[in-house]
Amino acid sequence: MRRLRYLQAMNEAYHQEMERDEEIFILGEDIRGNLRGETYGLLDRFGPNRVLDTPISEAAFVGFGTGAAMAGMRPIVQFQIATLIYLAFDQLVNNAAKMRLMMGGQVNIPVTYTVMATGARNGLAGQHADNPYPFFLHAGIKTICPSNAYDAKGLLISAIRENDPVGYFAPAGCLSQRGEVPEAPYAIPLGQGQIKREGTDVTVIAVGQMVGEALKVAESMSSEGISVQVWDPRTLLPLDKEGVCSAVAKTGRAVIYDDANRTCGFAAELSSLLVERVYDELVSPIKRVTRADVPIAFSAPLEQAALPSQVGLANAIRSICG
Amino acid sequence: MNIKITPDAAVEMYRTMKLIRRFEEWVTVLVEADEIAGVTHESVGQEAVPVGVCSALRDDDVMTSTHRGHGHIIAKGGAVPYMFSELMGRESGYNKGRGGSMHIADVSLGIYGANGIVTAGMPMACGAAFVFKSRGEDRVAVSFFGDGGVNHGLFHEAMNLAAIWELPAVFICENNQYAITTPIESVVKVPIHTRADSYGMSGESVDGMDVEAVYTATRRAVERARDGGGPSFIECQTYRYVGHYTAERHMKLNYRSEEEIELWRQRDAIEGWAGRLIGQGIWTEDERATVDAAVERELDEAIAIARQAPWPETGSYLDYVYAREYPGFPARGSDL
Amino acid sequence: MRRLRYLQAMNEAYHQEMERDEEIFILGEDIRGNLRGETYGLLDRFGPNRVLDTPISEAAFVGFGTGAAMAGMRPIVQFQIATLIYLAFDQLVNNAAKMRLMMGGQVNIPVTYTVMATGARNGLAGQHADNPYPFFLHAGIKTICPSNAYDAKGLLISAIRENDPVGYFAPAGCLSQRGEVPEAPYAIPLGQGQIKREGTDVTVIAVGQMVGEALKVAESMSSEGISVQVWDPRTLLPLDKEGVCSAVAKTGRAVIYDDANRTCGFAAELSSLLVERVYDELVSPIKRVTRADVPIAFSAPLEQAALPSQVGLANAIRSICG
Amino acid sequence: MNIKITPDAAVEMYRTMKLIRRFEEWVTVLVEADEIAGVTHESVGQEAVPVGVCSALRDDDVMTSTHRGHGHIIAKGGAVPYMFSELMGRESGYNKGRGGSMHIADVSLGIYGANGIVTAGMPMACGAAFVFKSRGEDRVAVSFFGDGGVNHGLFHEAMNLAAIWELPAVFICENNQYAITTPIESVVKVPIHTRADSYGMSGESVDGMDVEAVYTATRRAVERARDGGGPSFIECQTYRYVGHYTAERHMKLNYRSEEEIELWRQRDAIEGWAGRLIGQGIWTEDERATVDAAVERELDEAIAIARQAPWPETGSYLDYVYAREYPGFPARGSDL
């Protein structure tokens, strides 16, 4: 089958969905300029009324999306870098996310926020390297983090079709990776995690670009006689609670491998959820291997030290499978 | 453009202003009686603004409102029984009791919601205006906000978006001279309406105690927007006779003087408009009394309806968060 | 001893600290107007140069505080309502909180953010009822949530003296409560939790205005023969990890009673921390009793249903002490 | 006010512009050679702005910078060895390798940091200016930002704060015509400098390719600020000859034409200034060559120093987050 890069898979999803439904339009910074590749060809194909370059006004263009959604269209709002959501935080968590309930269900807010290059690496430094999806989760905003090109397309299509605000986080480390991607449109339902590798001793729950790393660690652990299962939630909210519980119940042990900040992060949520749901099946404490709670320093060795690492994951696995 | 108000329309303007005034006075009573919870911001004194503005709108135009939104909603056609029901937290309220004073909405009437965050509705109005424009509809989106709003970043961003994309939007600043206790002169150095210049947008200031002045200015702005002439900004000079919120009457704040309040009261929009209509012979004191009585009846009936309306079911507290729910979401507060 | 309201205790702390150090100043919306009581008398005593009423410009006045701190002063930045932090979110989490590391330690940012009436009740509805401290925790900002008047004063003094940004969340439900408050200035160190009630069967960890409720539930449970210990973290970051671990190790059971959103909230963090640290001492799963992940509806019965309740807490306790 | 530039000062301006130009060119080389990581935004073409502005400042004045900050930092006195060390991620860098290109700071020189978020430094400059004013010091805070920044809410809020509190602040908009690929004309409808009017602030536009014009305007604004005359806004019309960031040279973007770039190159600030000094007989070609050679040497030495500088200790990755640490904080990524 065709192999596409993650960004190309996103691009194909954009094209196919905008083709399918002319209520969909996209806006953000330098969309037309197509800096990274995921918006390639949109302007030519769909014209300036459906492909909008905004001023540097994140709060306003999020609110603009909300208003356009209330008036019946389906905006895709792109954040050029992940931390830009902070500039629109009120419009996201205190407005778009709450609008439907506050109005007693009068309107839907079908907006997709594509949050590009989350968790950036290699010297992007303090203000450009966050993985801010836990903020969305805590605010109850539907949140997706596809780990490969196939999921990237299928989940983007689902996000765009969802009638609620959805944050779509595209991890920096995945964007140029290739994978098999069918050409015809397909939708991967929200709320369905996936076992990316079967195993019997411990389940590693890995998010986004951590999935690929976890698979590598899983391979190398087999030489130590530890059978590692890797589970990818794919969508963080809705989370496939059944899926993760049964994966962990099977192995009795779990490590969560996540590149967001540790405190009150997604790993904390999963750990406490598993304790509530599968406590009796657990044979060891659940471990979190996350980013340290520090702004990412520019210098490579410090960046490395602050990020979750394969070595750290392997050690965590050993500590409970010993 | 010569904008004339027919006698019927003029009386309707009076009626709506009166309805807002008395609605707000009732709200105060009901808050004091603990029949309305939460924080309510009355617009007593400011009635000419929503009425002047909304009289210039069509039913299919839309607007976004503020924390001080009751008047906007009534002026845009909101039905007082549903409003009181909402304020009393009942299932039959506009928002099924989920919103309360700061969020009343009726999308079918083009009311895109009051909003508890200063200026939050401005970019939403831009988004709606964009939809109208890109569909080739001649509808207009109006956004209300206070004098305090003009210092917010979102004001700036939204004004600019509307200007550069030539959106059919009208921005209405209700300058009631204060943001809570903060006088506008202490936080702005220029006449507010001149801010529009910096977006290349038409801006003007009108007497917000004169419903005709507000109507005329808005009408012009709305026509321009419908004709593809882009957005406008109108500052309405007005005043609230009452506190920032209902509770202020029991607080000892001294940010403004009784004399100042009295000066504005003497320019009361409702009395002034009635006086003009009667003075011009279009209307009589008797006719006025009839309208006033009808307003009282309408409110009495609405309150009676609201009082008897059912409360939301406790078990429905997870409803309406999402258009589409998934197993386990929204997450409950305990997982036993 | 004198009994003061929580707001009066805050007011006294402001006065005493501003008296002690003239580098301290306060700014925010309607500070001079003194809407709630905590800023009473500051303008008269310290004058307009140290008591500033700002325009409605939250992002700018937070950044202003950061700049003033870099230039050597010690601002107190007040948020009139808790959700206003969203409007300044970038300036808080992406600037003030990261500045010190990004500059390699060149500057301190001694700013106190007093976040008033967090977790408001009784019809404040969707946009005014959040308890947003988990956002601060996830961003690594020091965070305090005093549960009574005594702690309110002592912790505010410590917050102001800290050389880092500190978020001080004053719960709506506590503001008018009275407690014994010594007149002389006193500082309660950050990072020290407190057992508010001893017990042997289960430890309830309660935050802010939940502490008082937990104490009531603890009383009533004793008639059922369940001995409930109540632990108040007081400061959420730094968290007294030793304290909470030893409290829970003693009882072997824990319930976290928190009025913030559930997913990725403080309760999730505590639960996963305890599993990592005291797994072997646990005799039952850790339970979270939190707010549901919904915007708070206006109507009283719906508001009640979404908030953590004493009944919910009692049920959770029973479910693990049965 | 008659503002004269002494010959020595004029030569120093040339030297600093040249140093910035060559610094940026070196950065490009080092990025391509993988000696500098991350994203770097060069200011080639814009040198007259930072040099003109900072020549009007005292050492104890402060400034905030942007993602395109190297020039500002050099102009404010930043030492190139520490800058290169920072860009190479070394412990001896200005920020001990923690900041990199987008965060270089030297508080002792009044450099309050480059900043990766557009306009984020503006309110910080206001805060610093407030401190100076309230201490009765005659220091000034300057904030740099791009044309893209003027549409941000924070621009609006900060400009207004400075205006109403009459802070000793000077706002410098480096209008290089684009925000990444977005031309300024597409996102702003008025001449940028006129935005100042809406805060009651003095605003002007100057030729940002003429270091003297920038210097003169800034000098006036700075003197006014020192004298208690409040803030000013200066738009400098300039251009970057290179891409938005280093990587752009390998991308096929077509948001501007070669001809346009060439037109601006013909107005090059460095060549123009050298030409004027030599033309006026203040300077000779030989003297210029001497300065140029010294610049090359300075950079060569700085790079050599940086290349040999030690990397930060991996184990120090939790340092500097807090002024005061507590047991267990900052939280590590695993707890084994």
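Labels A, B, C and D are assigned to the chains in the order they are written; within every chain, residues are numbered from 1.
In this text, contacts are C-beta pairs under 8 Å (C-beta built on N, C-alpha and C of every residue); 3 or more make two chains touch, one makes a residue touch a chain.
Only a predicted model underlies this, so the values are computations on that prediction, with no experimental measurement involved.
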| item | value |
| --- | --- |
| Contacts common to subunit C and subunit D (chain labels) | A, B |
| Centroid distance [mean C-alpha coordinates] between subunit D and subunit A, Å | 35 |
| Computed distance of Cα centres, subunit B from subunit A, in Å | 39 |
| Centre-to-centre distance between subunit C and subunit A (centres being mean Cα positions), rounded to whole Å | 30 |
| Junction residues of subunit D, two or more chains touched | 95, 97-99, 103, 115, 117, 151-154, 157, 160, 164, 186-188, 321, 329-330, 335 |
| In subunit A, residues with contacts to at least two other chains | 54-55, 57, 59-60, 83, 87, 90, 94-95, 101-102, 125-127, 140, 237, 263, 273, 276, 287-288, 293-295, 297 |
| Overall pattern in which the protein chains touch one another (line/ring/star/complete/other) | complete |
| Subunit C residues within the subunit A interface of the complex | 83, 86-87, 89-90, 93-95, 97-98, 101-102, 125-127, 130, 134-135, 137-140, 237, 260-261, 263-269, 271-273, 275-276, 279, 284-288, 293-295, 297 |
| For the subunit A and subunit D complex, residues of the former touching the latter | 29-30, 32-35, 53-57, 59-60, 83, 87, 122-128, 262-263, 287-295, 297-302, 304-308, 312, 315-316, 319 |
| Subunit C partner contacts - residues on subunit D that touch it in the complex | 62, 64, 93-99, 103, 105-107, 112-113, 115, 117, 120-132, 134, 141, 153-154, 157-158, 160-161, 164, 319-324, 326-330, 335 |
| Contact footprint of subunit A on subunit D as seen in their complex | 36-39, 86, 89-91, 95, 97-103, 115-118, 148-149, 151-153, 179-182, 186-188, 251, 253, 255, 311-318, 321, 329-336 |
| Touch list for subunit D against partner subunit B, complex | 151-157, 160, 163-164, 186-190, 194-195, 197-201 |
